[in-house]
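Next, two complexes with subunit A in common: one pairs it with subunit B, the other with subunit C.
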Partner chain A sequence: MSANFRRNLTGFAFVSPWLIGLGLLFVYPFAASLYWSFCRYDLLSPPEFIGTEHYQRLASEIATGEGFGKAIWNTGYFALLSVPLSIAIGVGLATMLSWNVRGQAVYRTLFFLPSVVPIVASSVLWIWLLDPRDGILNRFLQSVSLPSQLWFKGATEAMTPPDFLDFGSKDALVLMSLWGVGNFMVIYLAAMGDIPTQLYEAAELDGAGRVRKFWHVTVPTLSPVIFFNLVMGMIQSVQAFTQVYIVSEGTGEPASWSLMLSLHLFLSAFQDLDMGYASAMSWLLFVFLLVSTALLFRTSRHWVHYQGAGR
Partner chain B sequence: MSRRKPHLLAYALLVVTAIVFAFPLMWMVLSSLKPSTQLVEDPYAFLPREWRWSNYVEAVQAMPYVRYLRNTLLLAGGSVLGTVLSCSLVAYGFARVRWRGRNMLFGILMATMLLPWHVTMIPRFLLLRELGLYNSLSALIVPTFLGDAFFIFLLRQFFLTIPEELSEAGRLDGLGEWGIFSRIIMPLSFPALTTVALFQFIASWNDFSGPLLYLSDPDKFPLAYGLEQFVSSYADQTHLLLAAATLFTLPIVVIFFFTQRTFLQGIATTGLKG
Partner chain C sequence: MNSSRAVLFCLLLLSLGVVMALWTNRSDKRNVVPTDRREVVFWHFWGGEDRQIVEAVVDRFNASQEDHFVRAIAMPGNNLDMKLFMAVTGGDPPDVVNQDDPIMADWAERGALLPFDEIASPAEIESLQKWLVPASNRLGTYRGRLYALCNGMDIRALYYNKTILDQHGLQPPNSIAELDEIATATTEIKPNGRVERFGYLPDARRLWAWGVVFGGNFYDDKTREVTLASKPIQNALDWMVSYRDRHGAAQVAAFRQGDQSLPGKAFPLLAGRYTAVMDGQWRVRDIAASQAEQRRAGEAVTDYGVCPLPHPPAGRSRAGWVNGNFFLVPRGVKNREGAWEFMKFWTGFDGNEANAAQTCVAGGWIPVSTAVANHPTFLNYLQQEPLFATFSELAAAPDQVPTPVIPGAAYFQRTVNDAAATAMYVEDAPSVTTLLEEAASRIQAHVDRSASRGQP
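Take a look at the complex of A and B:
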């Protein structure tokens, strides 16, 4: 045996557990779900090829805003609110922690702690905090003369003018996700620590005040992390499942107002046993995520600055 | 940002924000210790009328807590073992052995991290069911023995920082790749392996969708899933719900306090998890 051959074999041997996993848990499921997306498949009888029927159904649901269309709307609403807000709050909290104050470690711990709370526990907690009748948050709103909200029980969207101040189930989910923003905050904080002080000194020499230093030094140097937050936030919103399932007791009710994509997919597959339809949906989601990630990467060239990238 | 002495306003802002973030947890713990009558009559009182530690005893007795906990520890223990074993092996193969196709396969590994779990969920479920793993904790543990892209990446990055001279020295002493891996690299990688074990433990402890998909027999439920079941049946017993939720959260918070350094560094250097 040549030394080369031996080395190749050794390398393969070391990565073989993952290779088996790749085949069984990625390649096969990937191919199978693509095929099943063109089949009628209810688990009771073998898959039966029916062409693009499921995709046509998905397209018509997008057009009518029911089922899949509704789930897209709900997920989009959630993502468009929670991702930008999580960036703003994450950067905001990290900025506050970068101030030269006493007890910084205590503040950092308090800001971060909510993000380690298991999502099942935080769902239970927020269902109770946001109870329309007895919840503490509504109580607080009343005490400052603001209207009570329906939160998880609400089927309103704070989008259209008359409902603008009514917060429903998705707004409650956004609130809950922002409470757990600590993960991103830690990354921002680490990135801020890496910003060379000379940059700030140079800006000061140029007469920049606090605000301008923030926008012209801090934000550009954080832009790779903001970009990371944007991509991960988008992927996570589309995949948000556990909290959505728990707060609606696995239904997406009231009025399908929190029926997000992953819950709709789960229910189609394991409640309606419509594996073909669910597979088609999962492929559309996959393609959507692929395309939007690629688009984000493309725009990133214009606004993400990598330090030492020499441009 | 600047090194000047901060404003009083800055302190005020920090304190208010800290209260906003800490309040829900504090409120949960305080209320979990209130008598159930107080939660009904006067839910907004800040302190418990009397400190009802017995709420916790009641909550533990109201659900098969010990069984759920045992299942959780089995699940987490098995998954940590599987993850640490498989990921360190694979990471070694990617970091320290030079072989053909390594870079291409590593690219594929990274790409699998971006895949949404939806796409593979259904066939994966049917496959594991076909293998007789449905309604068994093994359905959740066995896949961890096949590696996880995120942890493999994390360990590979760590292995790359270990000087190649150490491997050379091992080779001169007659060690093969396996010997270098087990006698030199692994003992040096204790911090990275701890990070992986820690994150996997927390992921298993928190996992809800896995048990929801694969387990049907209440005897096999881990805490995360058991707690959710408890919520639907004890919806009007707020004091028990909050005690159970606190009890479920506490170990993770304790782990966080003891491993804060590892924890925060792990998140800061690798992006995220958890």
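Take a look at the complex of A and C:
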């Protein structure tokens, strides 16, 4: 046995707990779920191969807008609103909190604090804040003569006709997701600290004001971080589960208007014992995220600017 | 750190260790199985006050036994299904488990549950089935075999604020027309159109009850056909939707959804938001507590009553939707005899009526047999809590119907709730007929898929 082989063996022995964990807890379920997506499987009976039946069913549900189709629509609506909004608000807050004002540290702490509140606690809090009859937000809207909204109880979408500006369950979830924007904000703040002051000085010499400096210095130099948050935000939005489960009491109510992909997958797998169908769904979700992330990477070369690139 | 502080710190640590050791020892003792007994592992999801009641039953059982010893394990209800699933597939299930989700038929179909005829003798099972009220039998029976033993039923009836009815010269409703009259006469609407109090407002999730009351059946066991779109159920949903048409979907959605689960003082009837609501027997205690508080505060005591769900002329009287808690015995258990003894002790079967009556009184639970309901202990309780008597009587009525006990029941329940919610809360919803027909078609496909393996 050569010394080199022995050294490698020792190395593998040291990393074996991780390797075994990876194999048993990640690679095996990952591969098995692909096989199960072609099977009728309920965990209790052996998987029975049925070909592409589950994928055909998913395709038909996409076509009819029922079940999986509805969950895709709901998740897409949620992600398309919550991700850009969280980036815009995160960057906006970080910009304001980077201004050298009195009590800067206090403001930073205040805006970050909500993101450390456990999601279950914050969900319950939001249920009360957004209660259509007695919630604080609706009382405020009424006090300024604006129509009160149904929020979590509404089978409406504020951004689609005919319910334009009637805020329903998904809009409330978007609003709730912005509560945790402090996480993103901290990353932007840290990135802003790394922007070389010479860039701002050069811009000032060229006669740039605050707005121009923001658009032509801050945003381009933050673009790698924005890109990171865009990818992570998209993945997190598509996987939104806990908050939806709590506010809809695990049903996606009202009338499945807040049934997100993760909740639909969970109910199919563990309530309906339809593990094969749920596996097929999870694989489609995986492929969608993979393709979306690849597309984002492809577009990133046009709008993400890395400092020092091309040097 | 100087030496005296270090000593103090060590002493504190030591005391903490001793306290923790004593605590661990104390909590362990309850579940230490005596060497001369066989262990019965019992999983349940009860917490708070209910958990104490459950542990008292377990203690009484253990004290009464020489052969078996129940070790009760409480776990969160929201993932009990999943844990049980893992335990069954892993080959180490509990001996008996309490459940309330409509999963029994799915599990039975896949052979994960022991039918009771494999736990007790045919004579005992026949006697048990005669002993149970019809609703309890329905909740536990799949394809003619008993797979679950109901240990407490949830029965719905109509609670009403008698003080408001008296003010309007109205009587408790016997018919849908009378309920509509109450709804119209006692609903309070502000000049700005905001409803302050609904006389009555149907809850979308209760199509299950109104469908039965209107004379419908959701599923035909013989033909295995989903009959959700049948005329009586359409009539029931049409009637429910008439409230949406009167008040608007937004007002109905804002008012109704979520009310059902508001606990204690927030119970909408007590909060004065309704004159009449459909709810279960557990609200009797909320009402009693509210009235006691009014007495203590020297306020006028609001009078409440409860009656069976009113029905249309062609409907069913004393009917409704029932669900409940039930015991399951997973296949692969180690002590089925002990599980059987414990279940008999809890439910009151086979001479244990006195014990079951005591448990039902402690928990405010509905007995699963008239033998327990007629026990002096329980009758005495009904005298103290007269509102409870209606529920106890309804439990024995023949038309208390559960969600169909078939594989795919959870999907069935969700899809019906979704269709009813769409009808009630979406302004431009499709017609009731379309909604129910589409839902029935989806449910039929799912039910057929769920039952396509296993038994013919």
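Assume the second predicted complex is superposed on the first by the 303 of 311 C-alpha atoms of A that agree within 3 Å, B and C clash if a C-alpha of one lies under 4 Å from a C-alpha of the other, contacts with A are read in each partner's own complex, and residues count from 1 in each chain.
Throughout what follows, a residue touches a chain if its C-beta (ideal position, glycine included) is under 8 Å from a C-beta of that chain, and two chains touch if they have at least 3 such contacts.
Being a predicted model, the structure only gives us computed values, none of them experimental.
In the superposition on chain A, A:30 contacts subunit B only, with no contact to subunit C.
In the superposed pair of complexes, A:271 makes contact with subunit C only, with no contact to subunit B. Once the two complexes are overlaid on the shared chain, A:120 sits against subunit B while remaining clear of subunit C. By the touch criterion defined above, A:249 reaches both subunit B and subunit C.
In the superposition on chain A, contact of A:299 is made with neither subunit B nor subunit C. Shared-chain residue A:154: touches subunit C; no touch with subunit B. In the superposition on chain A, contact is made by A:8 with subunit B only, not with subunit C. Contact with subunit B, but none with subunit C, is seen for A:21 once the two complexes are overlaid on the shared chain. With both complexes superposed, B is the one of subunit B and subunit C in contact with more subunit A residues. Residue contacts after overlaying the shared chain place A:111 against subunit B, while subunit C stays out of touching range.
Shared contact residues of subunit A with subunit B and subunit C: 43, 249, 270. Residue ranges on subunit B touching subunit A, taken from their complex, read 1-6, 10-11, 13-14, 17-18, 21-22, 24-25, 27-28, 43-44, 86, 89-90, 92-94, 97-102, 105, 108-109, 112, 114-124, 126-127, 143, 145-147, 152, 177, 181, 202, 205-206, 208-209, 212-213, 224-225, 227-228, 231-232, 238, 241-242, 244-246, 248-249, 252-253, 256, 260, 263-264, 267-269, 271-272, 274.
Within the complex formed with subunit A, the residues of subunit C that make contact are 78, 81-82, 85, 88-89, 101, 103, 106-107, 110-112, 204, 249-250, 253-255, 257-258, 261, 408, 410-411, 414, 417-419, 421-422, 425-426, 428, 442, 446, 449-450, 452-454.
Interface of subunit A with subunit C (complex): residues 40, 42-45, 48, 66-67, 132-133, 148, 150, 153-155, 162, 249-251, 253-256, 267, 270-274. Here subunit A touches subunit B in the complex through residues 7-15, 17-22, 24-26, 28-30, 32-33, 36, 43, 93, 95-96, 98-101, 106-107, 109-121, 124-129, 134, 136, 139, 179, 183-184, 186-187, 189-190, 200, 204, 210, 213-214, 218, 228, 232, 235, 238-239, 241-242, 245-246, 249, 261-262, 265, 269-270, 275, 278-279, 281-283, 285-286, 289-290, 293, going by the rule given at the top.
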